[in-house]
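Which chain is which? They are A, B, C, D and E, in the order written, and residues in each are numbered from 1.
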């Protein structure tokens, strides 16, 4: 699809666990499964490494969407990490929703190392969702907007 | 009240306890302050009345480091905080002699028209009355006890003490409201309304940290918002984001540990209903992971340090709309 | 202040065709702390690595960012290169501008911009990197092999031959696995039992091998070099030491109506049974769900007839705990369930069978003593139809998306054997593709067609309709002839897809080894580390990793053994230095981190702490870095931020976030 | 890009590239012998954008809409949906003879699946 | 003496804001604080004490000082613009006006704080008498007359009319801008009201607080008193007292990374915080007792020592109302009075 540079290009931070989702992203890459360049991946050892602080920080500094990808529940390299992440993120996202932040800006998706296709599809749909929501104005630091 | 003083005196004299943690008389009826009493003489300033809302559990962190036992007076709701602190090894049960003191609801002076108040009658213990008589510089007035109560007393957790060595005085379950009604009301709002509501409340925040410093769950030696290590130190809300950041993270850090003691809302100088954050987490935890009351015991796993294989997915937030 | 060097790889044209590498170099030089930046066609090459070494020496670099392929590919390469040049290997960060950028974006400007941002994030992170030192841990010189099929047996023998102790844990009463069920093997058509049985005997007799049959892994703890495993030895109710394997008990057992698992349920066995004649150990077990003694308390025939006095109804499950340095998973496969394939009438007609069932039918020790006959009426089939790809290469949820790999060859084998033994029987094979890459494989398939007259039809079968006369009507298509075919058959054989043993999920969870969506265990690298799991110390052998035939399985089993031997040959292992660390000054001692640690790596100590002049005894968390695997669960649980993860610290990740969002 | 081929893909929701040419659709088809273009060929006609031939084919009207091919296709290509879409393209091209919505309820038979009804409308209004 | 009907205040505010930014007590989400006026603002002159003092108008809780930007490898520094437009601070009480005096002595003495000075230069203070003082008030102790505040313009609300009295040149200039909205008022009405206010003030429990023993010498005599040890115990080390205080003037300077550059800003700090004046080697006050003592000795001893005996407390009583543990300066003063040391 040709890229229209006029449209809103969101900044999307994707936290990917090293064992499954980062590898899934690699597989998406080696399978040449395109997704928008708006997505920038940060490698973390496990989805349970992602502190809510990181997510808020991303929004503070101007991210329009934050997605966390980890191993499927049951497949965590560290056995239990994604279970904790799942609870933490559920509660955090619920709180953000409660504060009136559009709930489409945050997402958790379980992507295995074999799911290059899912990774690419997830990123495409997430970017599309965030684009439809427009720039993040409710959760950003004004000092970072210039 | 005199029985409390007498009991404290005898425990001090017997050497069973080395000091007493209670409340001291102030300049006015409502001006009572938490205080340590080291001798029988000092206890003459002891008071226990309707304005003794302060939760003394957190003071036990420091008291646990002192020689000997500390006699501490805990209201039923305070005992939850004490248990939670025990669970987290922040207080030492062995260092505390707990007198579970009766409570029939505590008062908030702001809820009584504060202009020029000199005296409030009927706020004493144990004679909490239906009607408070208030003497002011501008004439006398009356208010109902219920209408002057702290928010938390309207959603009272019950009259039972969760931990104590002995109990004195009678308690009453003062709940007369649905604990989650306010949260549910906000949940039902549109995102725009929610945002406007919190924006207007949080814009008042002056980051005085009263909520944090009074909170028995916020017992970190150094808060992340004071720590330079975490790259998150903040002293003031420079923009509206920082207000949210502080309150979201604070609520998250106490999620599953907050006993809903309501101290944060009690002390906020700007009257921000901070309990709405904590209670939102409690409501979600109850709904998604099963009913959980922090501080009801000292050995259960907290909901955020636990999981089930079939927990709901975070997408539930989007799905429930 | 770090002095950072940025090295941008072209990866031939893989990166350079989409990312303007010169521009990335130019942008890198504008970053704070970057004192050197260059690009090169292949950074991972010898020449590329020496350029890095040269820059470290000349510019006194303290940190390096390599913008190249995924860190999962070459992070270790560049770390080693840095180490050789005198830089701590953990001062290297990779910006993944190939898999995460050049390969997925087409627009040059866009990809260059993204590559620049990824480079910046890595530079921001490396600013906060600190040199890390790997610790050391001891290696227990004993290996565990889970699964006693040909993969497990071969791995165990190879390890044992190298002089290390090996334990095999096998769930069923005997080792041997799937291969013991096979009749003949392709492409040589030699008898499966003839080549497998000697291996089984060799394993059983080997002084370094201990076999735990009828046993399961219950619990695994520890880490590479130091695993502790609980093994449940299920009660056989027969004393292995006393039993002579005479078989009288099985003959006399009155409960004989239990479907025989070994024969895929095509005939029955007794409640006390040995799965097959050559079982090792040749000691029966009592199936308590079928045994009359266990169900009613009466009977006890086996005890009475056993002259060795080996029967012991009071035997209990036993849990033994052993320490291992390495674990090999060789849990094998099963065929998929065909419940959802109603169109093939499997389950409706006894004459529709799977290929594995056909193996048993054709085996001399099988339910028909090796005679090819219809299971419905015992008649010799005159017309047999083979259907390929049943459940394989299927993108819906009825089947598996992968090719099961072995079906083309075994079907050719079956067809050939039938045509050889029963020349009157016609054999038709419906296929989508015939896949025969392998030594002598295509020749084998051609022989089936050319020498044995097997009728191969390119096309699929839509439906198998059982007829009132007991025959089967096969409705298929010949795509080359453009004809729909209605064929009457006496027997239909389904080349059923294979899937990993269903227990593998449980075992993978215990081992914290990752598995893919098809339940195959994931290898550490699909090409370069195919027999290792991403979890250190866990190795993969056989079909649990992906579909394989016997020679491939044996080859992989040997490869896994070599990896195990390489590990056990070491006295000490370097441990991952990216472990959690608690800041004593910030720690509250609240125990929340220990609650979420999956490795029990966090304990508490009361220590005298000097906090900016305030001295007091405090309860603080202490991390055992040999146990910590670096997941970071504790770091988020810690409200004060006392717990941090080396190599992925809070500040490092925040710096990356900042760099990306700026 | 052929507009009609795109339209067929869009209406059917089918990605013809997923087909691995196994022929199971043709093997399952009860109308196979009646058809000039066989079910497994639908896919290549769409891929090759030979839509004219496809829309002129009598197969469109021989398909019984039994959906055996849709059910059994191992790759989720669903040739039956393609042919249904092709029929719809023909009808859209012709663009007349609409049945008034008010007339429909009276014509409905409780026992007939709605989907079959719809394809019947498309099929028999040549 | 001029006056305007209470019901016409909206028109007055609108007129003032034509030429000036106008800040006045506004009620938001149930609490009254100084805020910028607009048509929708819920102006609240009845609440005696805003939660935060109006010192924000001159010394904001957080303000940017300058911004550094890096572009194409070059760094540029842009200082924040100084205040150049006039603004009016309306409805400020006697104690808070005096508090500005306290701040002036800090920020306007050498070296002059240019950000503060610019705001002072352009700010016009319209004060407002306290018609219903409360028990927590003790401004009289510091010689402040709640009935007659200082300021460029002083106002009183009597019988539904706002009385307006310009005291300074700035005040006169502001009055000229709005003169047509005002009518002449009777000074005697105001005097009667003042007498009533003063009578109430006399009855306040803390009006007779004694400051004996405080002042410069207290730094020596009271520094080592055991009383501090007794007093500080309930202190939670929050910063409520310092942040609601009209005279607390400590600030911290911090950098904020905006991604494209760095903003250097200052924000209020609190001597109650454990990281107050934290330095590389640690903190010069290591216990909460020391921090607690610092605050009160600063108000009652150090500041007077440097400022001709002027105390840096104005008796507004905000800390009395807002301290979560009900500690406050009144209790400190009384405790020392009782101990006699």
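Just so we're on the same page, a contact is a pair of C-beta atoms (placed from the backbone, for glycine too) under 8 Å apart; a residue touches a chain by one contact, two chains touch by 3 or more.
All values reported here derive from a predicted model rather than from experimental measurement.
Visitor: Enumerate, in label order, the chains that touch subunit B and subunit C alike.
Guide: Common neighbours, subunit B/subunit C: A, E.
Visitor: Walk from subunit D over to subunit E along touching chains and report the minimum step count.
Guide: Shortest path length, in steps: 2.
Visitor: Weigh A-C against A-B on C-beta contact pairs and write down the one with more.
Guide: When A-B is set beside A-C, the one with more contacts is A-C.
Visitor: Name the most central chain, where centre means the mean of Cα atoms.
Guide: A
Visitor: What's the farthest chain from subunit D if centres are computed as the mean of the Cα atoms?
Guide: E
Visitor: So the centre of each chain is just the mean of its C-alpha atoms; given that, what is the distance between subunit B and subunit D in Å?
Guide: 69
Visitor: How many angstrom lie between the CA centroids of subunit A and subunit E, rounded to a whole number?
Guide: 46
Visitor: Could you grab the centroid distance between subunit C and subunit E? Build each centroid from C-alpha atoms only and quote it in angstrom.
Guide: It comes to 71 Å between the two C-alpha centres.
Visitor: If you average the Cα atoms of subunit A and of subunit D to get two centres, how far apart are those centres in Å?
Guide: The mean C-alpha positions of subunit A and subunit D differ by 40 Å.
Visitor: Among the residues of subunit E, pick out those that touch two or more other chains and give their numbers.
Guide: 256, 258-260
Visitor: Can you pull out the residues of subunit A that are in contact with at least two other chains?
Guide: Within subunit A, residues 52-53, 61-62, 74, 80, 84, 88, 141, 143-144 contact more than one other chain.
Visitor: Two or more other chains in contact with one residue: find those residues in subunit C.
Guide: 596, 637, 650, 654, 658, 661-662
Visitor: Taking all chains into account, which pairs touch?
Guide: A-B, A-C, A-E, B-C, B-E, C-D, C-E
Visitor: Subunit B touches which residues of subunit C in the complex?
Guide: 583, 585-592, 595-596, 604, 611, 616, 619, 637, 639-641, 644, 650-651, 654
Visitor: Would you pull the subunit C residues touching subunit E in the complex into a rising list?
Guide: Touch list, subunit C to subunit E: 29-30, 32, 612-614, 658, 661-662.
Visitor: Which residues of subunit D touch subunit C once you look at their complex with the stated criterion?
Guide: Within the complex, subunit D contacts subunit C at residues 18, 20-29, 32-33, 38, 40, 68, 72-76.
Visitor: Contact residues on subunit A for subunit C in the complex?
Guide: Result: residues 3, 11, 13, 18-20, 22-23, 25-26, 28-30, 32-35, 37, 40-46, 48-54, 57-58, 61-63, 71-72, 74-81, 84, 88, 112-115, 120, 144 of subunit A touch subunit C.
Visitor: Spell out the residues on subunit C that touch subunit D in their complex, using ranges where they run on.
Guide: Interface residues on the subunit C side: 343, 389, 393-396, 398-399, 430, 432, 458-463, 475-477, 479, 482, 484-485.
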